[in-house]
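Take a look at the following structure, please.
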Amino acid sequence: MLWPIDLIVLTFVIFCAIAAITVRDLLGTAILFSAYSFLMCLLWAVMGAVDVAFTEASVGAGVSTVFLVAAVFRTSRRTKD
Amino acid sequence: MNNMPAILVLAPLLGAFFACLAAWIQKQLSYYIALAAMAVSCFAAVSVLTDVITSGTMQYRMAGWAPPMGIELRIDLLNAMVLVLISAIAFVNLVASVKNVEQEISDRAPSFYVMYLLFVVGLLGVTATGDLFNLYVLIEITSLTSYTLIALGDKDRAPLAALNYIFIGVIGASFYLLGVGYLYITTGSLNMADVAVILKGIQGSSAVLTAFILCILGVWIKMALFPLHVWLPNAYAFAPVGFARVVAPLMTKVMVYVMVRLMVTVFGLEYIFETLNLADAVVWLAVTAILAGAFTALFQKDLKKMLAYIIVCEIGYMVGGAWLGNSLGMTGAILHILNDGLMTFALFLAVGNIIYMRRQTAFSDLSGLFAAMPWTMAGFVLAGLSIIGVPPTCGFFSKWYLVLGAFEAGAYHFAAALIISSLVCAVLFFKVFEICFFEADSGAGDHNPAKVITEAPVSMLASLGLVSVAIIAAGIYAGTIVDTIILPFLQ
Amino acid sequence: MSDILPLIVAKYNFWLYIILMMIGLYAMIAKNNLMKKLVGMNIFQTAIILFYVSIGYKHGATIPIIQGGHGGHSAHDAVIHAADYINPLPHVLMLTAIVVSVATFGVAMALCVRIYQRYQTLEEDELRMRVSERITHE
Amino acid sequence: MKFFGFVIVCLTGGLLLYGTMDLPDWGDPGSPASTHLSDYYIEHIVEETQVPNLVTAVLADYRGYDTMFETAVVFCAGLACFLLLRDFRPKKDRYFRHVPTGVMLHFKNPQTRLIAGNEFEHMDKDWVPSDMIIKTVCRILIPFIQIYALYVVAHGDFSPGGGFQGGVIFGSSLILMAISYNLKTLVKRVTEKFLSVFAALGVLIYVGLGVAAMLMGGHFLDYGMLAPLLPSDPGHIRALGMLGVEIGVGIAVMAVMVIIYINIVSEGRHDEGL
Amino acid sequence: MEILISIKPLLTVLVPLLVIPILVSSSQKPNVREAWIFGAGFVMFFLVASMVPAVLSGSKIVFTLFELAPGADIAFQVDGLGMLFALVAGSLYIVTSLYSIGYMRGLKEHGQTRFVSFFALAISATMGAAFSANLLTLYLFYEILSLATYPLVAHHEDAKSRISARRYLVFILGTSIGLVLPAMIYCYHVTGTLAFSTAGIFAGQLSKPAATVLLLMFVFGFAKAGIMPFHSWLPAAMVAPTPVSALLHAVAVVKVGVFSIVRVITGIFGVDLLAHFNLGVVVMVIASFTIIVSSCIALSQDELKRRLAFSTISQLSYIVFGVALLSPSGQLGGVIHILMHAFGKITLFFCAGAIFVATGKKYISQMKGLGRQMPVTFAAFFIGSLGVIGLPPTGGFYSKWNLILGTLEAGQTIFMVVLLVSSFLNAFYFLPIVYQAFFGKGKDDLSGARVKIQEANLCLVLPLAITALASIGLFFFPQMFVDLITLGLNL
């Protein structure tokens, strides 16, 4: 049975997503977002979408996070919401 | 085998990359490459149109795979017409806007042309394709390029407007993508024709309804139909002229085309008007869009902003016409895609000329324009009259079909909205004309009463003249266009 | 109860994607910070990708790489059953979608940096205030 | 706005939930999505293209037209970052370090020149003495990452991966270089001209292969038509075509990722970054 | 009835249109420019005149230009009614051109090229309206005419003309878009045709309320006819130079409005339908109201041109009134009043302009004793007044006679009273001017010295003399025009 693993990962994904948009530190957002992407990529790997998972791992968890960190570096780290 | 449909899209694409490379050799070179690419594309579009008129729908299999396995370009009368419109406008604008681009973004002009070409590629691709997902990718190309180019405009506010546009645009595109997903899960196919065939069997499904709503919502967001229009005025008003001139007439029109295509080809008019009961609500929405657009335009103090709201109003025309549920209304909507493209283009060409000479388009900066730029203003007046709907300009004839369609459908509120918006547009334009005509130019100084003509460069005027002629011609030949293109398409 | 469980098992993936999508959409509409909005946008897009990937999933099938197809020739001998492999098409579409989303993300980020250069803030309400200040100063 | 957003979100969610009612069950092998096109692909791809990775085959061949535009989108993103952020003006403040002594000099006048030979090193404003361990590890890692990236590109026909993933990985290796050393090291090795030419060239390879097929008398992107040009087994020609295309994608993506990173992290000045 | 296909009607419209570029290009050489105007005027007039024999012999000349939709195309047709109107407009254009040269040069007005160009455009549109074969074509030329006269009204470019021009446009464009356009499209929607036919186009498809609403929309919608309450643009437009006033009031604008109403009543509804629903009375009531009220207002005006303007409003309603009588004599009287009033009123306006150029006086109270100074002018004024009042030996008598006859024929005796009362009012507001001019004592005359004759220049006096004589001539030779009308209306 696949769905219990799937379900657990999904719960984590949702948790990360909510955390990423509520944390008040943008660097934290970047890292949480990275974690979110990575969990998502796990989820897809579980569902057999290996190519998509691979891409998400390199793009979502990798490059996007770097971009986000770079942007935070050039702007401000704190936010009100 | 006829490769024209592919060439039509590929010429600007290849042109873009060659222009990018050529910019490292000589900056001017990229402009000429862009010009040549657009000329080829324009030629191909015309040739496709004539072929389609004589020998019917064209199908082009990408990579040689038969649909629905591969992607096909499927060009029938409707998109052939829109393709010609797009490539012609993009080409003419390229000729007209050199000076504007030099003035506004001189240091990165080559990159501007590359982006410009990619934008046109996107529009052409969206119009030519016969595949639902391919449509999404191409919409994203147009969006991405337009975000960028819009952000290059007004130093202070353009980036903000562009970012706003990104958020809303992404929501729109994602809705469309979701809709395609729902369609795919229920039909298993992505090819429009194939999907249409399969959909006939499963019309009652709630998934299909959701798919339809999502797709249409996505397209509405992209075309800025009334409550979803918030991004448009700022984005178009602050964009650099060289780009505003092409995005304003084309982007929304192409989205209207996509809507018509989804309605006619994919979901089928029968499904929309007989199974669903949404048509009345949408026509009311269009009525609100028309009135809201027109009346908001009344309160604008800047010419570009005013035109942007007029676009919002015109979108209401097309959406309403398409949803009237009869062939007259649809004819009007399709004809208006063509006509509104031309009219808006002419207006923005004139605005570009004004900006080139005056830098500003607030109403207070427009005084004395008739004396200073008589030719530009002549074009502007003609386009304005066309928006108002004065015969024999083309705007009248699409309005004619729309109102007829409204009567036939019994949608008198829609007809009333059309008439009221015409009146409001008349007020709007004559307000501008009055300022340009009666108020002497304060900048010229009192000691120099002799009126000096400071016209825009010839290339700009020639383009404007060409488009003005096209406006009249499209009006005069409206009957021919309807008979040879729109009616055969709708059958 | 026995009816509900299979329903949940059959549909939960779709429901969860809807939840994720709602989170993303909410962040895009309601958040005040532009970066947060961008992250919301990404969540929104990944949710859609999740939806597509879920479409492609098939019970009892494996990843869409033909076994024994290495080198290409041996595959001719074995008969390929469609039921053994997951549908590759949604994956292809989603590869494209991911690329598009990262491209959009990059452009949006560049815009954010540019806006910050000009206004020294990324909070929407403050931006609105500063823009209107600028207009009244003119 | 919050409430408004909430309402919209709930409406959308409701609509989507409503839509899922009629969807086939998750993982149902008999759903239309898993039968109509999917079956064709699974059963015919190996025969038609000799590529066992179905995703690559569909991506680069059956839907190659999509992928071409996807690459164009990536190119757009790179160009957009350049257009939006690139700033050619020299920076006012410059920092130099006298290498033998470690003394920092701060120049406020852009006109001033430093002529003291090689003893001075141009520094970032927020410069911190670099960590030897990180530098060394990265220096060792980067070539391996790059080789892996090339492998991912080349082996995309048989295993997960392909041009896009490989390109991203290659790009990240360069970004890693910028992070572990500093931006100037990267910009010195990979110039802006190099990147922009490669970005365009990558897409051009893709489009060029398609156009070549068209010139050979086939449809656009019909790799089968390239057979006379390439000394290869005609049955294998589509796989070769795909490989060519993937290489193009890889080059373009690599270049664009670096362009985006450089421009964002240095606000378009290409002088200093993370 | 014989149908001839000929390009002549199109040529008539095109001649003044084609001469405009030449006018613009020769703007530096006034004499050359004016030679072209006359050339065009004569060519046009001869083209019109060359069609007279054919029309008198009972045939109809038709020419279809473009087809928009079945039954609604841009087409020309020359019948008796159109021919009558074209003859009036064509002949008066030449006279007015001569007059305007004298006037504009006499006052050294600015922008003369613009003035003559739009004048030519206006006459072209008038010709087009005269020769329209259907309501759509008529509407087209009606709108062109509205827009072509806008710059003429706004000629002075000052605050006063700005307000007037705005009022002019609001009334004219507002009513035509807001009322005529929907009414016209509704007609097309119901019947599928817009071609004029003496039997009407509604074959029992209208209920009485619908017909009433449509009729009122048309009557009020053609606001150029000055039916109250849509009349107030006319006095406002008096700020324009006098040749424009002459054009507006006598030749082109108002007459096109009235002509359009005549066409709608006789060609769209048809006499039988209106008689069946008894709708003629409705129009007659409106017209009578306008006649009486505007005559009363005219009495109180001191500015000569304003008095003439209100007189025009009342005279126009005579025409509408006559046609709405629905009896042969009434219709004949109404339609021929187009001709008679044109010559009478243009004479009056010419006189007003000549007085202004020669002495700078605009107000009636200043004109005491001026008759001795300008005998020819005031003699012509007297003749013109007689023509408008409807006294022999001027053509006006003929139309008024027929109108009164018509009321008796239709059995509407009460309306005869209206005609008589208004004739008295007419006499009251015109004849005292002439009397005062010849016999009154102005300030200058107190010395009793013999005044020198000081006429305006020949370019001004000649036209007014010609039109005054023509006005008398029409009293003796109206037969050809009567024939035209009889043929045109199928009386």
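Lettered A, B, C, D and E in written order, each chain numbered from 1.
One rule holds for everything that comes next: contacts are C-beta pairs under 8 Å (C-beta built on N, C-alpha and C of every residue); 3 or more make two chains touch, one makes a residue touch a chain.
Note that the coordinates shown come from a computational prediction; the quantities given were computed from them, not determined experimentally.
Note on connectivity: the fewest steps through touching chains from chain D to chain E is 2.
Traced through touching neighbours, the fewest hops from chain C to chain E number 2. With centres computed as the average of Cα coordinates, no chain lies farther from chain D than E.
Core chain by CA centroid proximity to the global CA centroid: B. The interface with the greater count of contacting C-beta pairs, when B-D is set against B-C, is B-D.
Centroid analysis (C-alpha atoms only) places E farthest from chain B.
We define each chain's centre as the mean of its Cα atoms; on that basis chain B and chain E are separated by 43 Å. Centroids of chain A and chain D (each the mean of its C-alpha atoms) stand 19 Å apart. Centre-to-centre, using mean CA coordinates, chain C is 18 Å away from chain D. Centroids built from CA atoms put chain C at 11 Å from chain A. With touch defined as above, residues shared between interfaces to two or more other chains in chain B number as follows: 133, 137, 140, 144, 147-148, 151, 159, 178, 184-185, 190.
Listed for chain A are residues 50-51, 55, 59, 63, 67, 70-71, 74, each touching two or more other chains. Residue numbers of chain D whose C-beta contacts span two or more other chains: 16, 20, 23, 31, 33-35, 37-38, 41, 53, 55, 63, 66, 70, 73, 76-77, 80, 84, 160, 164, 260, 264, 267. If you check each pair of chains against the touch rule, the ones that pass are A-C, A-D, B-C, B-D, B-E, C-D. Those residues of chain B that touch chain C in the complex are listed here as 133, 136-137, 140, 143-144, 147-148, 151, 155-157, 159-160, 162-163, 166-167, 170-171, 174, 177-178, 181, 184-185, 190. Contact residues on chain B toward chain E in their complex (touch as defined above): 385, 388-392, 396-397, 400, 403-404, 407-408, 415-416, 419-420, 422-423, 426, 430, 434, 437-438, 476-480, 482-483. Those residues of chain A whose C-beta lies close enough to touch chain C in the complex are 3, 6-7, 10, 13-14, 17-18, 20-21, 26, 29, 33, 36-37, 40, 43-44, 47-52, 55-56, 59-60, 63-64, 67-68, 70-72, 74-76, 79-81. Note for the complex: chain B touches chain D at residues 1, 3, 6, 10, 13-14, 16-18, 20-21, 24, 60-65, 68-71, 107-108, 111-112, 114-115, 118, 121, 125, 131, 133-134, 137-138, 140-141, 144-145, 147-148, 151-152, 159, 178, 182, 184-190, 198, 205-211, 213-214. Taken in their complex, chain C has these residues touching chain A: 9, 12-13, 16, 19-20, 23-24, 26-27, 31-33, 35-36, 38-40, 42-43, 46, 49-50, 53-54, 56-58, 61-65, 86, 90-91, 94-95, 98-99, 102, 105-106, 109, 112-113, 116, 121-123.
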